[in-house]
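Note sheet for the following structure.
Labels for the chains are A, B, C and D, by order of writing; each one numbers its residues from 1.
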Amino acid sequence: MKAVRLHTYDERPTVDDVPEPAVQGPYDVIVEIGGAGLCRTDLHIVEGQWASRSGVALPYTLGHENAGWVREVGGAVEHVQPGDTVILHPLATCGFCRACRAGDDVHCERSAFPGIDTDGGMAELLRTSARSVVRLAPGTQPADVAALADAGLTAYHAVKKAVPLLPPGSTCVVVGAGGLGHIGVQCLRALTATSIVVLDANEAALELARGWGADETVLADGSHVASVLEMTDGQGAEVVLDFVGERGAERDAWQMTRRAGSHFVIGYGGTIAVEAIDVISTERNVVGNLVGTYNELAELMVLAERGQVTLHTRSYPLDAVNDAMDDLDAGRLQGRGILVPARSA
Amino acid sequence: MKAVRLHTYDERPTVDDVPEPAVQGPYDVIVEIGGAGLCRTDLHIVEGQWASRSGVALPYTLGHENAGWVREVGGAVEHVQPGDTVILHPLATCGFCRACRAGDDVHCERSAFPGIDTDGGMAELLRTSARSVVRLAPGTQPADVAALADAGLTAYHAVKKAVPLLPPGSTCVVVGAGGLGHIGVQCLRALTATSIVVLDANEAALELARGWGADETVLADGSHVASVLEMTDGQGAEVVLDFVGERGAERDAWQMTRRAGSHFVIGYGGTIAVEAIDVISTERNVVGNLVGTYNELAELMVLAERGQVTLHTRSYPLDAVNDAMDDLDAGRLQGRGILVPARSA
Amino acid sequence: MKAVRLHTYDERPTVDDVPEPAVQGPYDVIVEIGGAGLCRTDLHIVEGQWASRSGVALPYTLGHENAGWVREVGGAVEHVQPGDTVILHPLATCGFCRACRAGDDVHCERSAFPGIDTDGGMAELLRTSARSVVRLAPGTQPADVAALADAGLTAYHAVKKAVPLLPPGSTCVVVGAGGLGHIGVQCLRALTATSIVVLDANEAALELARGWGADETVLADGSHVASVLEMTDGQGAEVVLDFVGERGAERDAWQMTRRAGSHFVIGYGGTIAVEAIDVISTERNVVGNLVGTYNELAELMVLAERGQVTLHTRSYPLDAVNDAMDDLDAGRLQGRGILVPARSA
Amino acid sequence: MKAVRLHTYDERPTVDDVPEPAVQGPYDVIVEIGGAGLCRTDLHIVEGQWASRSGVALPYTLGHENAGWVREVGGAVEHVQPGDTVILHPLATCGFCRACRAGDDVHCERSAFPGIDTDGGMAELLRTSARSVVRLAPGTQPADVAALADAGLTAYHAVKKAVPLLPPGSTCVVVGAGGLGHIGVQCLRALTATSIVVLDANEAALELARGWGADETVLADGSHVASVLEMTDGQGAEVVLDFVGERGAERDAWQMTRRAGSHFVIGYGGTIAVEAIDVISTERNVVGNLVGTYNELAELMVLAERGQVTLHTRSYPLDAVNDAMDDLDAGRLQGRGILVPARSA
């Protein structure tokens, strides 16, 4: 089968013919990929930024945001069967550790991460675990929803943690209306009546944000922190969801957070630096956010099925992976890029 | 009456004769002071560190940690009466704002802070609000409990927020077994079965900590982070309560916090600096902690009455305030220093 | 001024001329009534059902659901001033007890309840406490929102408690789409993406419910429990909000609640009777619900200002109170009846 | 091997020779039983009360409270190995359903319950799932802890749910200081500083309860509800844990629950019957409680290892099962009866 293989860091991946994966263990599931999302993290992987963190042996197959159809299942698998349309939770978790049992599978003690530390989904077929498979309504097109598996799930997870902090009358600032932020705004709109203020340097993104349910938009032009403080009687917002996390956003996010409020870190690249006296005298929090759990992915798929979360995507043939990467890198890619193997197109 | 007055920053306060405070509003309460705690913050006030933050006009009376007996009440006060033994919540709050009504009076929008931004309790009498007064069992000696009003309440507040994160089998690291930390350890012991690991640079303090209920103690000698990681299978603790917050403790605290765990900032002086990628990839939190609420002070007094929290204190006559400050500054003061007006001694 | 006075149980109230209330205490507020909601509880009061519970001395003024404009305030009142448009929290609470300080003022230990145990708002003027007054946007018409003060607040309170139990993919059954239920459905829609199933014996009410955001409606025709179980794979709903509470609804509600789910009791009249073995073997809960807190009323008013909760009301002059009561009793009153004093009309 | 087999309802079980269970699936675990607790539910099973609920085919092996040593594991099992000392979570859960993934495995959609609906642990060997096995400290004696697997876990689960409702200053009433109640009191003492009031008809049990940490004890002599109300200023307790659930205890429990409080149903046999107007006007809750989760069992074992929960047990040889049942039925059995196979004795 065809697969996007990374052979050497800092060189382009190639589309190779590789052996098809086969069921090995009782809970293995082979998925025919219908769509594999492309993400800035893929660019970073190619650049070698994840080499020491993932420890993966090259060559391997990229793709950590996947959806498709079940082709084959191991002998002990009962909850899905061949032919089912599925989206894949990004982690293959153990199901036995305290975290898995506590509803916190993201912190599984022995998880694998296809596309990061083992073969991923930019391929015709992917082998994963039965624990990763979320069954979808039969007519769903995998390429339409694949981007929810990672980008969407991360945004949903942060929003879900923020919901109890956001009663009517509160304010939530969303920093960055891009790939994750635009899903975050829709999730906030679906699950709260908070006043959503969206901040972005791009006026077109703000225009879109209003359509997704933002109450206010603010152009990130240097006076945006002051604007948000003015909108909130000088207090700041109960929650700031920072989907950017670098180039000053991480500093602005803290400054826009009110007393007893929470600054959610989602994007990354920068450094959070706050004086302890500021932390304690205002009792503000810095909240880390990773991807969501399996159950959260199932919940997000319900929002998608209800039409409350929609995605902007652009499809590429699997063979065109490097075109897609170039477009992403050059800022030419509006919405999420989705690679679609030929037989699924 | 006599009162400890600060006339000029960076000069010693003096014990002056000043007019007695009188009931002015319907909810005013005049308290005869039985004990006023002395705190490192008082040293910082004298040094001028709080000048711009508090905006207080000099001269004024120090003392933000007070207990005594009610002498007189305003016309609308019903829940206490003259003669009642009381401890004072450090803030005089409004009772009308959203925070006060939400059980979060620490974040009252219009509070006063006796001893910080208005006349405090290092005096024979203090005027406060009926909202600040917690009634105690009749026989309680104010000088014995005064230190719970601020130091104790801060420690209790942090512990109470941490309790849901600390089921049996978890670990809580307490950084600093001093004035706040020794109360924190006792509160943890009263409210959880977590494994308590206490960290201090002073072996004597660690010895005491074992008596208060610490399961393990670690001398802060440079290898302490490694020791804590070793005790926790390399993972770190679910919660780290940092009562120091400076001189590297704030950095160590983060490093001893496990995935999905929380670093509670209580002490201050340093800067929390963490890379966003570390925050998100481990989903750790930095949690701010201010003093506790009025209800929390009432809860803490129950722990004290049950004998589950005890204090180490040393009394000084009110006139000896500068001796007490010198002892505190020079590290000669074991436990909390309590100023006792002559007529209450 | 004119006021609706109840002189004798089981006799019609009369509209009398009575002295105007005056400010007596420092936190008193005199409100010019713009609208006073009429409620089935008012009929029950006239019938004497509340005589022993409220212990009120006759004659007194009815009306426990009130909105209007501030006319005069006591000397210590700072957060509202004459001319402000306001809605009144139904309870006048003390602000000092543990419940008030814990954000649970509904359980205040020393509250008064105008219209139930002291003079209410079916009058030109009402005296209440500064603690009860929620300031509204200036243009708001009191008669348009008065029904949110009690009916709306009760529905909102129950929904708010239910929200954490209702992630996407869950089901919430609303039993009864009447005065409270229609607000409950709108609040659920504003705050969750749960699947809302509305149950009513009236087809017209179900038609309306679809417009407010119900996902499914079920006619209460005897087979409705079976229908709801069928819709939920035989499991029942995570939450059942029973706004009826009598004539079998209280029994059906329990039967429609799934394992580990919660049956919220809001309406009353019947008896909840469940075998303990059923309670424990399915781990279901019965959850009591009273009116909401002051802060919840403020939140509900935000939903109203955002247009996410709207009311169906019918106005009557204050003088026509008995016509309104007759219409309510005979089932001729669509929506909530609101009494409007002549000078406010 | 030897096993306690039930052949016919309402007849005594017999100790038969049956084939040893073997590993069949990849996650099977064969446990050599070191202790199997005997429970009133076993008497009820013999009487046929569970026949229609469990649907089990006779003959089968009793025993739903088990601990021992791992003898053999299936090919995919990694977290335990032969020789490990273990206690068994009473349910064998699927690990794939929403409940299992949400940290709520008790409500697994496809669980088995050894000793109830499949062969249990009153035998030399038991086959269970790797998901059920909690590893213990090597020296632990299975017979000493087996009773924690079901009785203890049920009590711990209820207490853990109650903890957030029980701050210092609150009151928790424990109804029944027997097999579950005595563990409940110890768990409350380990995890809260609430005032624990224990109610029992047996003075000796109350004497013991004081040793486990009860603050007050009340003899259930007919005036006990009045006594508890008097102890709580006429208000009742924040939480009442009813470990009896029949013969009037279920009625008394409700009456001892204060406004906004919760009546936890744990014991069963009776019927909870409360007027809806009482439920809503006081906003009280009835809370169902089943056994705890796997993680909660692990937490409880930590309490046992710390010495904070101890059990009173009496051992019988497996062959003496009917003597043990007779003793239990006749009230001659102090503490929990534990059956110990000969080779483990």
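In this section, a contact is a pair of C-beta atoms (placed from the backbone, for glycine too) under 8 Å apart; a residue touches a chain by one contact, two chains touch by 3 or more.
Treat the numbers as computed from the prediction; the structure is a model and nothing was measured.
Annotation: the chain B:chain C pair of sequence copies touches via predominantly the same residues, more than half of the used numbers being shared. Centre-to-centre spacing of chain C and chain D amounts to 42 Å, using the average Cα coordinate of each chain. Along chain C, residues 104, 169, 298 each make contact with two or more other chains. Because contacts link each chain to all the remaining chains, their graph is best described as complete. Partner chain D is touched in their complex by these residues of chain C: 53, 99, 104, 106-107, 169, 245-246, 250, 259-260, 265-277, 279-290.
Chain C makes touch with chain B in their complex at residues 25-27, 76, 78-79, 95-98, 100-105, 130-131, 293-295, 298.
Contact residues on chain A toward chain C in their complex (touch as defined above): 160, 163-164, 167-169, 190-193, 298-300, 302-303, 306, 308.
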